[in-house]
Amino acid sequence: MEATPRWDVVSFGETMIRLSPPLGERLETATRLDVRIGGTESNVAVALARLRHPVAWCSALPDNPLGRRIAAELRWHGVDVSLVHWVEGGRVGVYYLDVGVAPRPTQVLYDRQGSAVATIDPTCIDPTIVRYARWLHLTGITPALSPNCRAIARALVEAAQQAEIPLCFDVNYRSLLWSPEEAAETLAPFCASATVLICGRADAETLWGLHGAPEEVLVGLVQRFHAPITLLTLGDGGVLAEANGQRYHVPALPATVIDRIGAGDAFTAGVLHGLLEQVDLAQALRYGVALAALKITMNGDLALITRHELEAALRGTARAVVR
Amino acid sequence: MEATPRWDVVSFGETMIRLSPPLGERLETATRLDVRIGGTESNVAVALARLRHPVAWCSALPDNPLGRRIAAELRWHGVDVSLVHWVEGGRVGVYYLDVGVAPRPTQVLYDRQGSAVATIDPTCIDPTIVRYARWLHLTGITPALSPNCRAIARALVEAAQQAEIPLCFDVNYRSLLWSPEEAAETLAPFCASATVLICGRADAETLWGLHGAPEEVLVGLVQRFHAPITLLTLGDGGVLAEANGQRYHVPALPATVIDRIGAGDAFTAGVLHGLLEQVDLAQALRYGVALAALKITMNGDLALITRHELEAALRGTARAVVR
Amino acid sequence: MEATPRWDVVSFGETMIRLSPPLGERLETATRLDVRIGGTESNVAVALARLRHPVAWCSALPDNPLGRRIAAELRWHGVDVSLVHWVEGGRVGVYYLDVGVAPRPTQVLYDRQGSAVATIDPTCIDPTIVRYARWLHLTGITPALSPNCRAIARALVEAAQQAEIPLCFDVNYRSLLWSPEEAAETLAPFCASATVLICGRADAETLWGLHGAPEEVLVGLVQRFHAPITLLTLGDGGVLAEANGQRYHVPALPATVIDRIGAGDAFTAGVLHGLLEQVDLAQALRYGVALAALKITMNGDLALITRHELEAALRGTARAVVR
Amino acid sequence: MEATPRWDVVSFGETMIRLSPPLGERLETATRLDVRIGGTESNVAVALARLRHPVAWCSALPDNPLGRRIAAELRWHGVDVSLVHWVEGGRVGVYYLDVGVAPRPTQVLYDRQGSAVATIDPTCIDPTIVRYARWLHLTGITPALSPNCRAIARALVEAAQQAEIPLCFDVNYRSLLWSPEEAAETLAPFCASATVLICGRADAETLWGLHGAPEEVLVGLVQRFHAPITLLTLGDGGVLAEANGQRYHVPALPATVIDRIGAGDAFTAGVLHGLLEQVDLAQALRYGVALAALKITMNGDLALITRHELEAALRGTARAVVR
Amino acid sequence: MEATPRWDVVSFGETMIRLSPPLGERLETATRLDVRIGGTESNVAVALARLRHPVAWCSALPDNPLGRRIAAELRWHGVDVSLVHWVEGGRVGVYYLDVGVAPRPTQVLYDRQGSAVATIDPTCIDPTIVRYARWLHLTGITPALSPNCRAIARALVEAAQQAEIPLCFDVNYRSLLWSPEEAAETLAPFCASATVLICGRADAETLWGLHGAPEEVLVGLVQRFHAPITLLTLGDGGVLAEANGQRYHVPALPATVIDRIGAGDAFTAGVLHGLLEQVDLAQALRYGVALAALKITMNGDLALITRHELEAALRGTARAVVR
Amino acid sequence: MEATPRWDVVSFGETMIRLSPPLGERLETATRLDVRIGGTESNVAVALARLRHPVAWCSALPDNPLGRRIAAELRWHGVDVSLVHWVEGGRVGVYYLDVGVAPRPTQVLYDRQGSAVATIDPTCIDPTIVRYARWLHLTGITPALSPNCRAIARALVEAAQQAEIPLCFDVNYRSLLWSPEEAAETLAPFCASATVLICGRADAETLWGLHGAPEEVLVGLVQRFHAPITLLTLGDGGVLAEANGQRYHVPALPATVIDRIGAGDAFTAGVLHGLLEQVDLAQALRYGVALAALKITMNGDLALITRHELEAALRGTARAVVR
């Protein structure tokens, strides 16, 4: 029996409190930090919710002011957080951002060990929730958090396969969480189950030794995982894709950098938006690069962009002031 | 009998409270807004007052903290506000600024309906005040605010003509206030009365169908309104002008963008400064583009620039630090 | 046929953007304003939602950044805003707060005319929504906004009576919106329909000439409107109540004042919380005064208090630091 | 020949840039400082200008951003600064405020040596300006700044006497600027010339050895200087006055302390307001203590209070919120 | 062989990053947090260093921006941090402060598990460092952090006893870290080794069942631990002490509350300051309560008070403004 | 007898309080100023201390909150300030920064006359301190401050020569402090004593009339002062050097400009770092330009950069985000 979809996308992952000093200040000497939230899966969820897609984000959070803050801010943007498992006495992950401008890099200091979601009992999450969604979205960070998270991610993929819900999987290798070998082995089945597989060029090389020209790397990913849609993200070089034997390249949109964090997640959200709207893949990729460019122009992980603004950016309307 | 000039320029128009989030934040999610003031006519007046010209700005304001704020901030910069008509119980217009960086445009949200100046009784403003000024400055926004404002603007132009005071008129079409047709018809007599007519390229096309190369558009404006000095502003392309059958082109000065709002008004002020200082038109236009470039480097609508700074910018002194 | 309750309370009213300078600054000279939201009905709804009651707030909002902000911030706190009617092109009401400390009063500057909810077509709101709630909450501000709002408020009361849903009505006379005579006449039927009638001492005198000792004023209200539960709020004097011929007095809890705005709404929420929890009236009133005292200790209209914190305040735990 | 008064009050003195950390921070460790202006004479002038009295403040200022800031902020509040003498290349005085709360005192760190006004050539100030005012206001700080300032203060008093303009003189002894002996000797002639003499209890003891009960100190001042109106300020004890052989005592108004600096100047302004409005002395003193109490409720040296607010405070309207 | 003292006091403990919202904001909804540092032992060290005592604080810190921040801020205040053991890859403890005003309590949310100091290898700290100090200062928090920290604390006490360095021990029970039973048992030997034993009234009851009037509790502590100087802190009731069979009571100094956190540590520092200055115990206690009162008037854990300010507060100079 | 080096570098000079408005604001209209410290010698010292070099900075400071702030902030970064001479009652220099972006220059307003260091008695500084350092660092600003400072600088150079400690001298001509003629004459002996001589191209021309191509100017400096290492800084053109008859050119690293002030001092620190690390001169110069580029990316005079970050910038690692 087929479930009626309640959500366009459902995801599972960790969202953290994000603390960052004002522009031009360094973390060590800052006297005030801006409080925001960030997590790759919920970043995608928020961007989609702002584009008016019904989405749900599932995770575990401690019932303290910081945990409630994460849920509340997601709710603000319209993300359904009713699937969240609330825990007494745990902690949230926190990450500190030392935002740089060239040639000084932005540096991330994670303090995420032992978070509520990393220590969650897998039986607390019901994998069949995916049946009520059109897409399942996961990233390679979640299996890296803990064996429990890995089990949950696997159960969700299995439930999705049973219910014929497609998986959008973003490799997102985090070197601070695990080794390339462990990641490569663990993530391969996820990649092989994905309908849309997203992988950055550096991750493709680090995990699976795929190097050479972007086209060669893309071919390597396709041959290895056979995803119906394979996307190789190239940073300022845009995105290279293959689907049904056809090749696509969409260059990045130039943007004034305010905050780079979350640009990749905005790209994923833009592509999913396109697929949900059933435009062709080239157009979906254009949504992706446009949403990534717009994200970069604002503080925080989140791409707070309306459909109207996304369309305007794609049309390339040259006006600097709208009034 | 000729009046002794008290002011170099007198103007009439609406000034609003301007509320804007910090750089990189969006209006919808901001938790603090900077309070400034802005209005095209008073922006010009402030820029001129900072350059040590005696100027007066006339309008109507409610006698509440926001109305008093507008008058006080103008007084701060040296603008004479003694002509302002004070109203019990009205409101000030407010505009919210969602400041963008490329490719995200700056978006303006106006909340200006029913403001004190829009609802003013025309008899409250004595048009003969223009007799005490060397120039009358008006823009196409004022006639768009209300029939009453239109009547006052017309009365001021008439009084100026009788007193042989030249008019500087900036078309400044605002699509949220009226249709192109109504604007074209209403503004034509103002344009035809102007000694200095300023029009942006897009407005020339929207209102009077003048398209083609900038030179063609300029010719169109000259043939239609016969202003002694006609200025076609081209944004990053600088300005194209015609006066006494002679053609001028002054390119824009490159500037790091902090806030674009008010750049056009700074240009107008720079040109008027030049005309008041009786430099030749080419030099006056250079003042205009330099003041616009300097304005762009600071927050807010206002060009807070001294004569010394303006001259230094024009000399193109290359020093990044003055000490 | 009886509907299953989805919400403990449903309300209808106007919520505004609230702009206030930092402590010790005056509105006229402030250079930054804090952005919050406020509206008597949604203040009650938020306080209840924070206490984990399912509540819905109904209104009309323009689909612009300020309208979306209001809905988003309510969603943050857990209020259901799915009943909101979205409008293209309207405006939200705004109020500016000049926060004082004794002997300088806090002054409110309203700029709310012509807001989306005041200009709403009454047919856009379906009054039968009250059938899905345990309580209907209305205040005397809504009928003062416009004839349309008055019609909607009446329709909601009628629908509530048909569905036997009790009404909690807070008189809340606003002298800037209408005359005492018009208010007295218009609000009387609402008072007469209320199960819980809340009225401040000054309003009782201004509207219905009820003066004298608090007890006399209370008797006057009871004799005039026959509400099953009549609450006379006395500010620092606490609250005096009558229900089923019994009299109650609960003194106010002393509190360090950070921001008084919203204390009355917190009181209403505390009482409704008690009634929903089916404690006796004396205890419900204690919830009311405690929630009001806690509200006063924080910035903004909203009482952001958990059940745990409310219970601790009532137990009068004397600890100044919890760790 | 008698001059027509242009100003109700004219004064001469030093105004400084005032830098203060946020509440609860100490000067040594603060990372941001609020920029305001302060000077006892201009504080009085601003308070009077806010009450709609035409007033002028005379001084010397360097033509740099800090000097211009002082003039601009005074202009904002409506003070006439056209008498200011502008200097190339000088400096403004600065004072740093380490704002305390009991039992930690507010500490002032002056950095005012060599300021433009202290080094002014006395011939730059024309003392006959006092002829265009109803009152001359001076304080004991000005003669302490430099011999030049002393000479100017004396010339102003002389010109006032010739033009029969009354002097309001506030002793305001500053121990960091000079010794009690030098001050006592220098200030005596000013006190003896005053129509209104204002002296704090501690200053009366320090300078002239007047101790004992307030009444005795007051008698001592009256016997020594024979001012028509002698005011002994008692801080939290209010003010004790003698005029025409009659004695007055007005208690202080209780107020929540935000910032004490400037309270004495607000008192002076309130008294002058009363005298200008020609109320009886008791009422003038009530204006003084009320304005001082209102000043204390806001940040900065300046009493930004309208007539309406002053009257309301005097009526003792008990409302904590005005809406 | 006796070592020459380098420091007046040496201590060992955990210092955390402290994150707190602005006054009146709640942790859950704050958008900015102030960054400070706090830890009971380093709070005492800073207060002593500000009074010009050479002091050293020993701990373990990770070599990341947050660890470096803690050391740097202590260095700012003059604390010697050369004994700190630097760790690659660990974390610092963090605590979040939800600052309240009555009746809303200040709430502390600790996130300190697994910090560098809690996981330190005890052999990394050389206990003989105490030989270079006049006093060893420890608190009951350190043994609660981990078995390793407990071992280090014990080794320090042992080394102090061998070198005849007196111990100042503050019980400071933290219920979130361990049970009363475990704490009572673990802390008893520390208490019994102390020359100065400091215990709050509630802790005396919770840990050792000492209740009744303060005098009885004090007697209980003296009889149980026989410390030469026993101090029972009573919060607003001041402090009760016994030494050499003599009893002392010093009431608390009234203070306007800005931030209570750290008041107890300031008290300890004041007492140690007195003992180091060799004043009599009554005077040392007065230093304690005065420093605690002064601490309360400023934000943050730290008592940033000079000797001059401390003496002035004790003399009870009534001036609210020093200039 | 040779002293054991305690410090890699010792310097002497003036450090000021630096007050600057937020980005995009102008000094005249700013309502808040950021408080930082700056001084060319201590800027170099801080940058070296952050790179883990032991350094000492010598100067005179008043014992008030601003003087203590300067010492404390240097201590924060690890600079030894134990050589500072503390003065009762003096003042610190202050400088105000009107930060610009192109084409608006950054403008510096100095208020440094009569500072504690400028008025110091030369006998208060013991020149033999240089014996405990590997390098003496001086700039041309110190001799310009006062004859006393000139005497101290000379005594330090003499002591260094006797102890065979090399001098690093940065010409740093400040036109507001003295004339080119006086500077040229005074600074020549310092230049002639330097082991490393650093001079900007404009200063070389202003002081010694050296113009033409950079190579010619460099030759002029070498021929005039015969420094073993001569560095001609060219701003965006990088640096040109000569040592042992060999010529070096290192181009500047492109950087996003946040704040240019202090870039030259960071360059000096980078070069000294290289020399102390005994890399070859080309690599030392690369350290210089990299540290200057990194400095430009952050607010304030100080280059807060770790060795790790410096090495990464030199390797030109292209990553914009490190995580």
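Note that the chains are named A, B, C, D, E and F in the order they appear, and that numbering of residues resets to 1 at the start of each chain.
Just so it is clear, contacts are C-beta pairs under 8 Å (C-beta built on N, C-alpha and C of every residue); 3 or more make two chains touch, one makes a residue touch a chain.
Computed from a predicted structure; not experimentally measured.
Peer 1: Upon optimal superposition of chain C on chain F over Cα atoms, what rotation angle is obtained, reported to the nearest 5 degrees?
Peer 2: An angle of 180 degrees brings one copy onto the other.
Peer 1: Hey, which one of B-F, B-D or B-C is the same interface as C-E, over half the contact pairs lining up?
Peer 2: Equivalent chain pair to C-E in B-F, B-D or B-C: B-F.
Peer 1: From the mean C-alpha coordinate of chain C to that of chain D, what's the distance rounded to whole Å?
Peer 2: 45
Peer 1: For chain B versus chain E, what separation do you get between their C-alpha means, in angstrom?
Peer 2: 62
Peer 1: Mind pulling the chain A residues that touch 2 or more other chains?
Peer 2: Each of 23, 26, 28-29, 31, 72, 76 in chain A touches at least two other chains.
Peer 1: So in the complex, the part of chain C that touches chain A is made up of which residues?
Peer 2: Per the stated touch rule, the residues are 72-73, 75-78.
Peer 1: Using the touch definition from the top, list the residues of chain C that touch chain B in their complex.
Peer 2: 19, 26-36, 64-66, 68-69, 72, 91, 94, 96, 98, 109, 111, 113-114
Peer 1: For the complex, which residues does chain D have touching chain E?
Peer 2: 23-26, 28-29, 100-108, 110, 174, 176, 260-261
Peer 1: Please name which positions on chain F make contact with chain A in the complex.
Peer 2: Listed in rising order, the residues of chain F that touch chain A are 23, 76, 253-256, 258-259, 290, 293-294, 297-299, 304, 309, 312-313, 316-317, 319-323.
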